Amino acid sequence: MAMSCLETIQAYGLRSLGYGERLLPRDDFTLCQHFTLIGSGLIWNVYFGVLALLFGFFLANALALAKAAHSPWLRKPAEWFIFVFRGSPLFIQFFLAYELLVLLPKAGINVLGITIDTSWTTRAWAGALFVLFLNTAAYSAEIFHGALKSVPKGDVEAADAYGITGWSRFRRILWPTMLRLGWPAYTNEAIFLFHATTLVFFSGFPAFQQRGDALYYANYFADKTFNPFIPYPIVGFYFICLTLLLIWVFGLINRRLNRHLPSNLRGRIRLRPQLIR
Amino acid sequence: MKKMMLATAVLALTAGASLAQDVVRIGTEGAYEPYNYIDQATGELTGYEIELGNELCKRAELKCEFVQNAWDSIIPNLQSGNYDLIMAGMSITDERDQVIDFTQNYIPPASSAYVALSADVNVGEGAVVAAQTGTIQAGYVAESGATLLEFATPDETVAAVRNGEADAVFADKDYLAPIAADSNGELVVLANEVQLGGGVGIGLRETDTELKDKLNVAIQSMKDDGTLNTMIKKWFGEEAQTF
Amino acid sequence: MFEYCADPSQLSGLTWLSCYLTTGTHFNFYRSFVTVLMLLAVTAPVALAFGFGGAMAARSHVTPLSLLGRGYIAAVRGVPDIVYFLFFVIALDQGIEWTKHLFVCDDLSQPVWNGTEFRVCPAAKVPLATSSAIWHSAYAFALAVFTFALVFGAFAANVLYGAMQAVPKAQLETAEAYGMTPRQVFRRILVPQMWVYALPGLSNLWLILIKATPLLFLLGIQDIVYWARELGSAKTSGNNPYPHGDWRVFYFLALLVFYLAFTRVSEIVLARLTRRLSHGQATLGGEQLRKAGA
């Protein structure tokens, strides 16, 4: 009863989300099954990567500004936050976060008579996303902070000369320039964040109903076939594709950020890791 | 300085005259009390399988040493030739038998058991059951209709029951029983035991037939003179299943 | 360790703790810090050498060499390091033994790969089956260093490549005008100048390398995370002199402190190094130093 590849894709294409065949393949492993299931797991890597990046971007901006602030009440907490998250391995952050989250009362927290359910926080989709969000925010904040410090003095002086001040000076002069300068390094951060998502099920959060990411399924196959040379390179292949896609998307944004510059000055995106994980 | 380089904990035991004889290396996990674990006081490998392995090597006139390897890659590393035997509480299953060979078992087909916070917990449809990734128990839970929650190490599976993450943990009874006994009634072993696998045997490469024969003879001699049963009782308690 | 530790079950409080923290397992834990530091100390220069080679290859005018360099950088950077660690060491190990097999074995008629089983003649084993455990450990350590260096070498290559491009063209042209050969320009002008541009990237790489060490256990090295896990996991009273519950959280907190402290010290040292390298450089940093000194 060998399944055709199309049937395999129908059965396992969305397995990582809990749809399709409930039991994972147990014998007669085919290459098609490898590619389908590992590809299915990649959905989670994309989910973690995209959402953490999206939320992290906003927090990173706030943190970068706080770190550049004069008031120590803003600056110190931001500096500490960035130091702790950049200074420790993500893997330990996952572990400690998980340990903290399981301490929340299972029955839920009672706030003003309304019971808030807490059990979902230990699930990877929420807990790991939260850690990745904080982690990438810290790394990106450092990048943006560095970029903010290197905004050309002339730009700011020109803004002053035109009478552009306060919020509008920030929004129209400082912030776009900061993004433009920090963008190549931010692209690297994005790549590394996507790579870091493979740690979620590997050493952080438990896999629920055998729903995991690309590495989880690769591990499953390596475990069943006792052959690591097929599943792990497949994960590598998927990630190279993902990285290329990411570089392309960030390149497009980079072009837009630099569109006002004369074409010979427009720096092509240079993948020089300024600040990477 | 040499001691520092010694990243892999190794227990060497010479049997008979130590000629320039090939060393038979035995891979083990070192994290599965009382099968194989790290002695808390000395920091060295110990456990039922370590004592048994050394005794078997003595009887088969082999020079053996133990090496630690993570459970995940314990079979690929055997096949790659990084060690020659596996003694890591590994149950004999059809799946594994297809790629490696096993000697006759040195622990009878063992019971797997559920451990939960109370005796009346449901472990079937709708329950969340924790198990270690890549064990026969994990495969069993996945097919039982319960929701499988997988962890990389056995202690995490027990911790998951304690903190309420999982309703029960499913593992070898010999591993769970001492933990439950130690918990002051917090954890209980459920009555529905399951027999899985064909007992625990020594795993080796399919081409190592000569080594397999030697070990089979040694295991048989220990079964015959009763020393194997004595050793099982020493490590697993008086009620343990024997041959 | 201490006299009074003979029967731990009779102890309590601080005496118990003093005995507990000096068990053999704990000494293994303390020693594993040295293992990790040693691995970092060995890996960093090797990775830098790989990076230098990669960057030079990528800059080469010979197309195949340049493609090789770029391919190496792109392929390693595109894939999460953990994925490499999961299969690369076994592949490397088999590759070494297979190469040796071709040279030292007499009977080459038997297939080396038989299904998933890998078999070479006993003489081709690395290290030989008769060698003592020390050599096995040293070999595992060397494989780990090589794998780490290969992965981080690709990142270093990327940084150095960028740094080489960042050295002002005018300086290189001036050197050529003075009649230096391309080799001399590279050795005397480009390499000494590029470090200041490479340092920020390399500093980050160092910090990343520190934080990648928890993956060491995948490579068969018992590192601090392995021992923290082993020590912290719950111990039953049957076979263990110091039974305790799940204490992993305390051990991981200790690791957190270690990593933070190590990062902080590295940051301070690297900041000093940057300052020194900036002296006399035609950069903003160098200009500031010049003004401060004047």
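Lettered A, B and C in written order, each chain numbered from 1.
The rule is short, and it goes like this: a residue touches a chain if its C-beta (ideal position, glycine included) is under 8 Å from a C-beta of that chain, and two chains touch if they have at least 3 such contacts.
Source: prediction; values computed, not measured.
Counted as hops between touching chains, the shortest connection from subunit A to subunit B is 1. With centres taken as mean C-alpha coordinates, the chain found closest to the middle of all protein C-alpha atoms is C. Remark: subunit A and subunit B have CA centroids separated by 38 Å (rounded to whole angstrom).
Inter-chain spacing, taken between the CA centroids of subunit B and subunit C, is 32 Å. If you average the CA atoms of subunit A and of subunit C, the two centres end up 24 Å from each other.
Residues of subunit A in contact with two or more other chains: 202-203, 219, 222, 225-228. Touching of two or more other chains is recorded for residues 73, 76, 79, 99 of subunit B.
With touch defined as above, residues shared between interfaces to two or more other chains in subunit C number as follows: 86, 90, 116, 248. Contact residues on subunit B toward subunit A in their complex (touch as defined above): 72-73, 75-76, 79, 95-96, 99-100, 130, 133-134, 139, 142-143, 147-152, 156, 160, 163-165.
Of all the residues in subunit A, the ones that touch subunit B in their complex are 23-24, 26-27, 102-103, 106, 122, 202-203, 206-210, 219, 222-228.
Looking at the complex, you find that subunit C touches subunit A at residues 74-75, 77-84, 86-87, 90-91, 116, 155, 158-159, 162, 200-201, 204-205, 207-208, 211-215, 225, 248-249, 252-253, 255-256, 259-260, 263-264. Residues 23-28, 31-32, 34-35, 38, 86, 90, 93-94, 97, 114-120, 122, 125, 129-131, 133-134, 136-138, 140-141, 217-218, 220-222, 229-230, 233-243, 246, 248 of subunit C are the ones touching subunit B in the complex. By the touch criterion given at the top, residues 83-84, 86-92, 95-96, 99, 191, 195-196, 198-199, 202-203, 215, 218-219, 222, 225-229, 232-233, 235-236, 239-240, 243-244, 270-277 of subunit A touch subunit C in their complex.
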